[in-house]
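One chain, subunit A, appears in both complexes that follow, with subunit B as partner in the first and subunit C in the second.
Let's turn to the complex of A and B:
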């Protein structure tokens, strides 16, 4: 009884938990509805697409964290050792990467993926998905790097940093354990929630764009099926058109949840997931007063 | 002396902050309340005075809801008749209002003797000087911390004059001074005490003075002994995790201990100097000099021998901490030079010298503010991780070291406790121990007794003495002159002056 009360109290006060619950509950409702009214092959496609989308977004988040941590440490070490040339070179390279719009960068990376698929170097979805995640992570991780560097700069101005240094504590421990892990992990986690949402959005956008095909031999069919590529299928497009049709023929709305489920489910999953991620990130920031 | 006892419980967000069963302030007496920083002295006094927000805290006074206490005629009368001098002068003053207007704000408007009080607090400074201060809007840097503190004391004295000036006092009053001398040097501190006791001489009133400054006892004993029957000394000490108790504090225990450490001074082990600092240097375009005589300002190299304790004195803000940071390579000073363990280090030496050879290996520095010097998100145990010790610290070894400065048995729960959840005094002891645990030849201590209660002060000085006998050398920086004048040989006292 007390656990249930606690849970409800948490839902009332914690916006992030509330929206996480809404997301999971919304997904369950969709699954149940689709089980009842969507044909089996289409249902399996949605499950596969959703799973791939979430798995790749999760991998993107991990890659972002890894790249950002490495870049932050490299930049910090070069700064502390006053190694100007390597520092400027690395900063220039990172700023060059920053100058590329994320969606353009990911599209360019997909060209590389397409060529590797064409050469046969990448064949299975299990191999392509991590590769796609690395590509997306490359164009996102600088946002997290900036956050980590801001946190380090903030703590370097406090006595705490110098107090540990004069005690002989190693720089790498102060930066990685005391500043980033002990004092910034909530900030980093909040950013990673946003990165997850960003990855879902980028992936769906790019997959939708490339649905026209990347080369004569490679197209979206060769890549793991995602919500973006499912949305680009002709069936889904017709379902979305049906949605527009109801604007002029409102009485047709009653048919939508029964006869146009594939496209509507995919569109709903994308929008609903992005909306929930946005609220979860905001709620998390509010709860931890970031 | 009548004294009502209060049981005060304060919590917030479901967590108990402090609980005391026997908090009392004697009527028509001056009560000094000592105790380590963060133990709950201020918050209990604020709760009693009716200053806390019942929406923010869960408070019960004598098991009654806080709202009842706020509406009690006693509390209403106290708030009407009295004054509460807050610990941090900057947060007490309104930055959007001139000081002279704040001196006449609210119930202060009707009181008299303002000019006289200001003149007394400024030691009869010209009226123009006082006017130039009262015409200011308070800013973080002007007036100075000491001047702001004296403004607050002036407000309190105005209210005391108003209260004691009445033919028949209407209702109770409680004048609370929370660290009223924290930003004052000894001269102004003594001046404040004299003004307070003079007014008390004329007519008795109830005052509570919250302080860490045990040397105030010597001043009261030396200059106001005739009022001893009306002066009480209490100390707040911890009895549980968030429970505290008020105990009588014997001034004799402090005075006796002070004379015992004076007698116990040991000669230095002598030999070749460990550290020699050239007396003149420039930092932030300010010429500084170390001298042996504060009046003549004759330059004298600061020399610390093996097993010696050296005390560096200077007025607040001159640059004692800055010199400590220069020695530790955190600041670069022009013309600076020191000979440390047969190695000449000067302003041209790169920071790698300190990083590779000195920090944690040959020298350590205890920073002034434990709150800022410690990682508050780390646990007690993690605070000691990563130190370059010759012998790795085991859990048992760490417990033993902690027991040297902390009371009672050190439990696993304490080791896993977040530093943020420790009291100010506990943080300071942790801050000290983190450096004292190192195997360094030199330790610089910047205000090592900050926020400590008497028992902890004794433990810290005993530990320093033990380390000194083992061969460690210390450079002390502290405003706590009475204690360190007693603790350190007179010949080992240096003065830092700005030229």
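Let's turn to the complex of A and C:
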């Protein structure tokens, strides 16, 4: 009884937990509804598309963390050793990468992936997915790098940093363990939640664009099916178009959740996931007063 | 500031150089490939006096070759056959890809420039509207949170909450979902619709309004607010004596005599630092809109089309244009932030 009360209290006070619950509950409702009213092959496609999208977004999050950690350490080491030229070169290169809009970078990376697929260098979905995640991570990790560097700069201004240095603690231990792990874990996690949402958005958008615009060149069958590519299929597009029809023919709304389920489910999953991720990240930041 | 401008200009120049070099390398590779495919038969593929469609003249060419190069009939015959096949294939290719193959000629560059101007127009317009929208939404939410709830209006509050969740779902929808949802009833290929989508879709407005709201909240907790209150600045939040709706929706926001004026101004300084990020995200959004909706005659759609047809020289030129836009925005944002900081830091 107490545990249930505690849980409800947590849901009331913690916005992130509440939205995480809303997300999971929403997904479960969709699954149950689709099980009842959507045909089996379409349902399996949605499950696979959703799973692939989430898996790639998770991989992107991991890649982002890895790249950001490496870049932060590299930049910090170069600063501490007063290696001005390599530092400026690396900062310049990173700023250059920052100036490439994420969608352009990811799209060009996809073209590269497609050419590798056509040459036969990449064949299975299991090999393509991590490759795509690396490409997307490359254009997202700078946000996390900025955050990590801000945190290091902030702590370097405090006494404990100098005190630890005087005590003989190694610089890399102070940065990686004491600052980033012990004192910035929550900040990093909050950013990673936002990165996950961003990855879902980019993944779906690029897959939609590729499936709509580049389908002649890129053999979509070889790329893992995601929510974006599912939405670009003609059946799904027809379902979404039915929404517009409902605007002028409101009585048609009753047919939507039964006869246009594939497209509506895919669109809803994308929008609902993006909304929930945004609120989870915000709630997490509010709870930890970031 | 000087160092920043230098860095921006350097990256301008470097990227332009790299991409122009890539353009030349691409062109020379294409030329080399063309020359390689013509090796041995180049002299026989475009004889000005010859009508290649005439069977008599083709037979005559074979005879002339045998007279000029006696004793190598088979070689002469295969050369002429190869030349004729090459011409046929070139013709077929030109017919099949007549609407695909394009090169970065002067005329194409002018056409691209027109598209680029259109892109810039939409970008600047959406940026201005979202700049206003972000601040207005954040201020409205901040002020609304501080207003006393009117008792006995629970139903209205629930209705507003449901409305806000519905609006959030729309604001977080990717542009292509919204566009396809209304495509049967509205023409989604217009400039107006593109601007509208740029502002309300992809979560742009919500994300940055929340950021601005977070800046406002953080500022409101700072010590100077208490000092301002002790100095008797206005601190009421209702519409009559506090902050009116007109003040919230005004494009150039000022809340004279109210403590919120200082909170707002300090939050706005921090918002300047996120402008670069917002601009980059906005460009990403606009590219997605143009590409996903296949809006013909637009800059990003043209990039997708040229990517599809393998006209990489044009793709490089378009990427260069987009890069310049981002860099110009970054420079403008840095300048604005620097100017604003000068006001407060007394440099």
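As a working rule, the second predicted complex is superposed on the first by the 284 of 290 C-alpha atoms of A that agree within 3 Å, B and C clash if a C-alpha of one lies under 4 Å from a C-alpha of the other, contacts with A are read in each partner's own complex, and residues count from 1 in each chain.
Keep in mind that, in the parts below, a contact is a pair of C-beta atoms (placed from the backbone, for glycine too) under 8 Å apart; a residue touches a chain by one contact, two chains touch by 3 or more.
Because the structure is predicted, anything quoted here is derived from the model rather than measured.
K.L.:
Looking at the combined model built on subunit A, do subunit B and subunit C fit side by side or clash?
P.N.:
In the superposition, subunit B and subunit C stay clear of each other.
K.L.:
For A:244, select first, second, both or neither according to whether it touches subunit B, subunit C, the two together, or no partner.
P.N.:
second
K.L.:
In the superposed arrangement, does A:274 touch subunit B (first), subunit C (second), both or neither?
P.N.:
Once the two structures are laid over each other on A, A:274 reaches subunit C alone.
K.L.:
Taking the superposition on A as described, I'd like to know which of subunit B and subunit C A:23 touches: first, second, both or neither.
P.N.:
After superposition on chain A, A:23 lies in contact with neither partner.
K.L.:
First (subunit B), second (subunit C), both or neither: which does A:169 touch?
P.N.:
A:169: touches subunit B, not subunit C.
K.L.:
By residue count, which of the two partners contacts subunit A more extensively, subunit B or subunit C?
P.N.:
Touching more of subunit A: C.
K.L.:
Touching A:51 in the superposition: subunit B (first), subunit C (second), both, neither?
P.N.:
Neither partner.
K.L.:
Just subunit B (first), just subunit C (second), both, or neither: which does A:282 touch?
P.N.:
second
K.L.:
Nearest 10 degrees is fine: what angle do the Cα centroids of subunit B and subunit C make about that of subunit A?
P.N.:
Between the subunit B and subunit C centres, as viewed from subunit A, the angle is 110 degrees.
K.L.:
Could you say whether A:100 touches subunit B, subunit C, both of them, or neither, answering first, second, both or neither?
P.N.:
In the superposition, A:100 touches subunit C alone.
K.L.:
Report for A:69: first if it touches subunit B alone, second if subunit C alone, otherwise both or neither.
P.N.:
The answer is neither, since A:69 touches no partner chain.
K.L.:
Could you tell me how near the closest CA atoms of subunit B and subunit C get once both structures are overlaid on the shared chain, in Å?
P.N.:
6
K.L.:
Could you list, by residue number, the parts of subunit A that touch subunit B in their complex?
P.N.:
Those in contact with subunit B are residues 158-160, 162-170, 173-174, 177-178, 182-183.
K.L.:
Where on subunit C is subunit A touching in the complex?
P.N.:
7, 10-11, 14-15, 168-169, 172-174, 176-177, 180-186, 202-203, 206-207, 210, 214, 277, 280-281, 283-284, 287-288, 291-292, 294, 304-305, 307-308, 319, 322-323, 326-327, 330
K.L.:
Touching residues of subunit A toward subunit C in the complex: what are they?
P.N.:
Checking each residue of subunit A against subunit C gives 92, 95-96, 98-104, 107, 111, 143, 201, 204-205, 208-209, 212-214, 216-217, 231, 237, 240-241, 243-245, 247-248, 267, 270-272, 274-275, 278, 282, 285.
K.L.:
Going by the contact rule at the top, pick out the subunit B residues touching subunit A in the complex.
P.N.:
Contacts found on subunit B: 325, 328, 330, 354-355, 359-361, 363-365, 367-369, 372-375, 377-378, 382, 385-388, 431, 434-435, 438.
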